[in-house]
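I've put the structures underneath this note.
Here come two complexes built around chain A, the first alongside chain B, the second alongside chain C.
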Partner chain A sequence: MKPFIALVTRHRVLAVIAFLLVFPLIMPYSALAVNVLIFGLFAVGLNVLFGYTGLLSFGHAAFLGVGGYLTGISMLSFGLPWWLALPIGVIASALVGLVMGWLAIRTRGIYFSMVTLALAQCVYFIFYKAERWTGGENGLRGIKVEPVQMGGLTFDLLNPLTKYYFILAFVALALWFVSRLLASPFGAVMETIRENEKRAAACGFDVARSKLLAFVLSAAICGLAGGLRALHLSIVPIDSLHYLTSGQAIMMCLLGGMGTFFGPFVGAAAFLLIEEGATNFTSHWQLVTGVVFIVFVLFFPKGIWGSLLERMKRS
Partner chain B sequence: MSDVILNANRRKILLASAAAGATTVSPFAINFLSAQTPTIKIGFPVPLTGAFGVEAQDQVRAAELAIKEFNDAGGFNGRMAELVVRDDKLNPGEAATRTLELIEKDKVNFIVGSLSAAVQLSINNVTKDRKIIFNSISQSDAINEVKDFSKYTFHEALNPHMTAGAVGRYAFAKYGKKVVFLTADYAYGHEMVRGFQTAGKPMGIEVLADIRHPIGAADYSSFLPRIQALKPDVLCLCNFGRDLLNSVKQATDFGLKSTTKLVAPVLLYTSRVAGGAEAFDGVVGGTSYYWRLEDTVPSAKVLNDRYRKAYAGAVPSDYGALGYAGVKSVLTAVKNAGSVDTDKVIDAMRKLKYDFYKGAQYYRECDHQSVQSVLIVESKSKDMKDKNDVFNIVSVEAAGEARLRSCAELGHKA
Partner chain C sequence: MDINLFLLQLVTGLALGSVFVLLALGLSLIFGMLTVVNFAHGAYFMVGASIGAYLYGLTGQFWLSVVIVPIAVGVMGLLTERFLVRPLYGRGIDYPLLLTFGLSYVLVECVRIVFGIDGLQMGTPASLRGAVNIGVGQFPLYRLFLIVATALIVVALWLVIEKTRFGLIIRAGARDPEIVRILGVDISKVWLIVFAIGTGIAGLSGILAAPIRAVNPEMGIPVLAESFVVTVIGGMGSLVGAVVAGLLVGVVYSLTSLYAPDYAEMSIFALMALVLLVRPQGLFGRAGLMS
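Let's turn to the complex of A and B:
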């Protein structure tokens, strides 16, 4: 068991990707598997800030939404191809993250959370009111990806499994990036800030700038998740900017295990599967997710993946 | 004896759950059902949870009735129909996912459903890319417009332009031309105001104010003195569900009804039942269906009687009846076309002239909007025949394409 764990830990990105490659086969339907990928990536993005840097943001829906909307608007209003629109969405998210982060990192603890929440609400209303561009209440509609030609092969995203692996390619890239980031000296700085901010400053790290960088990177990853969601659903609903969506990402992080590499993915999968299962037999599905969440927060504060890791290390 | 039965039941349950488990969990499992003649599957995404759960449940009940009628009549050459209900949670993203599930996993032939403008547009987006017929049973103006329309898109429900127009033409002629709007600040509210204004313009109405309130507002007391000071003849409440209920209640308590007629573009049977007789007394509004239509329309009587028989004496609500008609028109088209092939069913639906529950209807050529009558009802608190008798039908605006926005206006090439 031990060498296996060591192997997996050393090649964590490959392990995750290997798992995700077979993942749609064990899911009830592939649209749900794609949702897990997207929300998993969204939670991973939040985890960079929340789990590793120790900053709890209540406004990350803003990045999911901005990424989605800008990807969609670039394609619909400017007729850009998806491969140009997607990076535009990511960059736009990072820029919004820069502004929000610059304003928010002046505060700490609950005030940080409140500032991010308030700023995200501003973003929500800007997009809500800009009906000509965003479709307002009705959402942005009509995002369509034509079949992709690549090396003599044609990928038609209308095929559910093709779409899953298409989106997985981007998610894998983002995961590799996050893993690289966490293993870098900067990753260590982030964790230092989480553990002891004063000490990090005393060691000569620019705490404010590191926090801001973590914020922007986290926003960019969430923006990618948003852009992929726009391609997946072919719409961008206004709910993707709603604060409840931010709350969902936090729940996924906590459920799976914050501050672990794979935890957010486990959390997203667990959350969506519980929701899926509960919805099929009761209209009070929120009650079920709520109880599960409370149980985990009370008895497994490290989350599903975090607790598993701990147990494996002990044995 | 009881043991035997229990055992037999247990075995059945075990078998069934094992089969269900095998078919749902493993992607490689053989689908047992497909060995027989496959059923005609109709996907039915509606918001079972959320603010419109009551309406959605009635949509399901009435749609099941349409399925049962079809099957009792022998189906289509022995092929039975089946309703596959999914909860869209009143959330466009969830609705899109659920629609993908219905198409990709459940392999439905058609989709009928939705109860929100944003949700139906999101379902429509998914279905039109995948060439599946979607018959929407919820109000929206946008779905008729060329940007969202496709040949796979049908709209069984009324739209704000028709509803608000009909109510406006009735109310402005009868109660006066000085009008104030109290509008929930989102697409639904804006579309309703536009409908009222289009209808009112040739009548020479004078709009004193268009007051916007945020969606989900609980307190209307700050708007009411201003409205009273303006002394309008008619107050149009362009809001929906709980917002409508709260604003009507508070306007009643404020005494606004003594000087002003309260008018709502959409007055639902379900919200009137939930809100109570006192609050809604005298409020005039539009609706697609009210069960007392049975006094004049024979097909309404037929639907009501079947519904009463199936559901312990209850009567179908307006949105329920839409669910019934939405499913029934697709299934009728299948029979007429003699096929479940999408293109053939589309042709049959375009040719369909039907009277399922409220008089003659048909889908307009250019935008597949169902051309139908609009009922104007007035809520009452006296002379009620029974607890279900909550409205008087004061007027019926006959079906006619002149009541819709023209095809050119919607961007369709004639």
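Let's turn to the complex of A and C:
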């Protein structure tokens, strides 16, 4: 087992992408696979902050939402093509992340979670009230995605499987970026802050600035997830800004294994499959998710992938 | 602008703020003692409102419901602390938070199963219906009752914490649980009771707010964010902060909804951002419990 783990760990981006390439084949239907991909990326973004920097943000729905809304608004109100709208969504998310992070890093620990939650709710109300641009309560509707022409090939995004691989290309890019980030000296600083903030400061690192940078990068990744989701759903539901959506990403991170590279995808798949499975039996699927989550917090805080990794390393 | 209208809206804000005060008190009490942020606080508020509305509908006895609800929700808090939160002590500050967040999902679903997804109606009790003249205009009696009831609860809590032996243990335990344990006090029992009191107050604020809010399984969701705003403004763990910030947030909300109704929801978050810029620890932060 050990050489396999070593191989997967060394080529973590390739390993994850290889898995995601065959993933739709083992899922009941492609739309679910697309959801796993998007929420997995959302959880990856949160994981940068929560798992690696040790900051538990309850406000990341703001970035998923802003990324989605700005991508959608750019296309709907300004008629921009998707390849221009998507980066606009990402940049907007990063900017909102800059403001929220700038306010939130003044606090630490539990305070940080509460402040990010409250600030995200503020963003929620802003988009809720700006009905002319965002559609208010009904969400942003009618985003049209034309077939995409790229290098002589045409991708029809109405075909779920084509859409999956189209989105996977962006996810792969983001994963490569995250992997480079984690391997960089800055990645080491992030983990140092998680382990011991005081020592990081004593070593001469600018803790506040590093936290802010981690926050903004994490926001940008979540913004990309939001933009892709807007293209996927053709609508941006107002719920995507709500703190309960932040909570979902946190649950996914923890279920999969926070601070692991592959964990967020495992978590997203587990969460969405539990939801899918439970809705077949009961309308009260949140009861199942809640109980599963509580059990994981109590008994498996390392999550599915984290526990597996640990077990394989030991054997 | 009519000055009477302004004053009337101000008092309305105090009534609204009273609910915030109670919510933040429970949250702050638990945090001050256990350094646990109860993310299920909004859910306990909702459970209190739901049980209260159900009991009131069943018996027609408002005062009986007001007594039973905090006890029932307090017992739920007792069980939560004993079986769910306690195993997590010493395992990092995020875990109780995550756990209570998961618990809020469970509580919301349980209420949906027991009381239905549409929620319940709770009318104003007969003895508190109508309006009274408070000098600047007619004011609903029930809202006046809210202000008075909150004041009484705050005074009672203050007396318990400041004047009783148990309160002494709470204050000491908030400052240094280790020493309190060395002195022979079973601190885990104190934590258990404080958690129960905190959730009990959340339940109580739920039933008190029930006649002026729509009672449904989702009502606790915005409440959690609001009570966080209040505790961040007031300063975590400070009971004085909870009272001042609760009333302040109520008044700001109510005055903004008079002058700029579109910005009412955002105003309290703007206030929080302002406090974070000027005093990140909150208005009364870093001070000990009840000081």
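The rule is short, and it goes like this: the second predicted complex is superposed on the first by the 315 of 315 C-alpha atoms of A that agree within 3 Å, B and C clash if a C-alpha of one lies under 4 Å from a C-alpha of the other, contacts with A are read in each partner's own complex, and residues count from 1 in each chain.
We take it that contacts are C-beta pairs under 8 Å (C-beta built on N, C-alpha and C of every residue); 3 or more make two chains touch, one makes a residue touch a chain.
Just so you know, these numbers come straight off a predicted model, no measurement behind them.
Of the two partner chains, chain B is the only one that A:T279 touches; chain C does not reach it.
Shared-chain residue A:L32: touches chain B; no touch with chain C. In the overlay built on the shared chain, the residue A:A43 is in contact with neither chain B nor chain C.
By the document's definition of touching, of the two partners only chain B reaches A:E137; chain C does not. Overlaid on A, the two complexes show chain B and chain C touching the same residues of chain A, namely 284, 286. Touching chain A in their complex are the following residues of chain C: 31, 35, 37, 84, 87-88, 91, 93-95, 97-99, 101-106, 108-110, 112-113, 221-222, 224-225, 228-229, 231-232, 236, 262-263, 265-266, 269-270, 272-273, 276-277, 280.
The part of chain A that touches chain B in the complex is made up of residues 25-26, 28-32, 35, 131, 136-139, 141-142, 144, 158, 160, 229, 233-235, 237-240, 279, 283-286.
Of all the residues in chain A, the ones that touch chain C in their complex are 56, 103-104, 106-107, 109-111, 113-115, 117-119, 121-122, 125-126, 128-129, 243-244, 247, 250-251, 254, 284, 286-287, 289-291, 293-294, 297-298, 301. Residues of chain B touching chain A in their complex: 24-25, 27, 48-49, 53, 87, 89, 91-93, 96-97, 100-101, 104-105, 117-118, 121-122, 124-126, 129-130, 140, 142, 147-148, 186-188.
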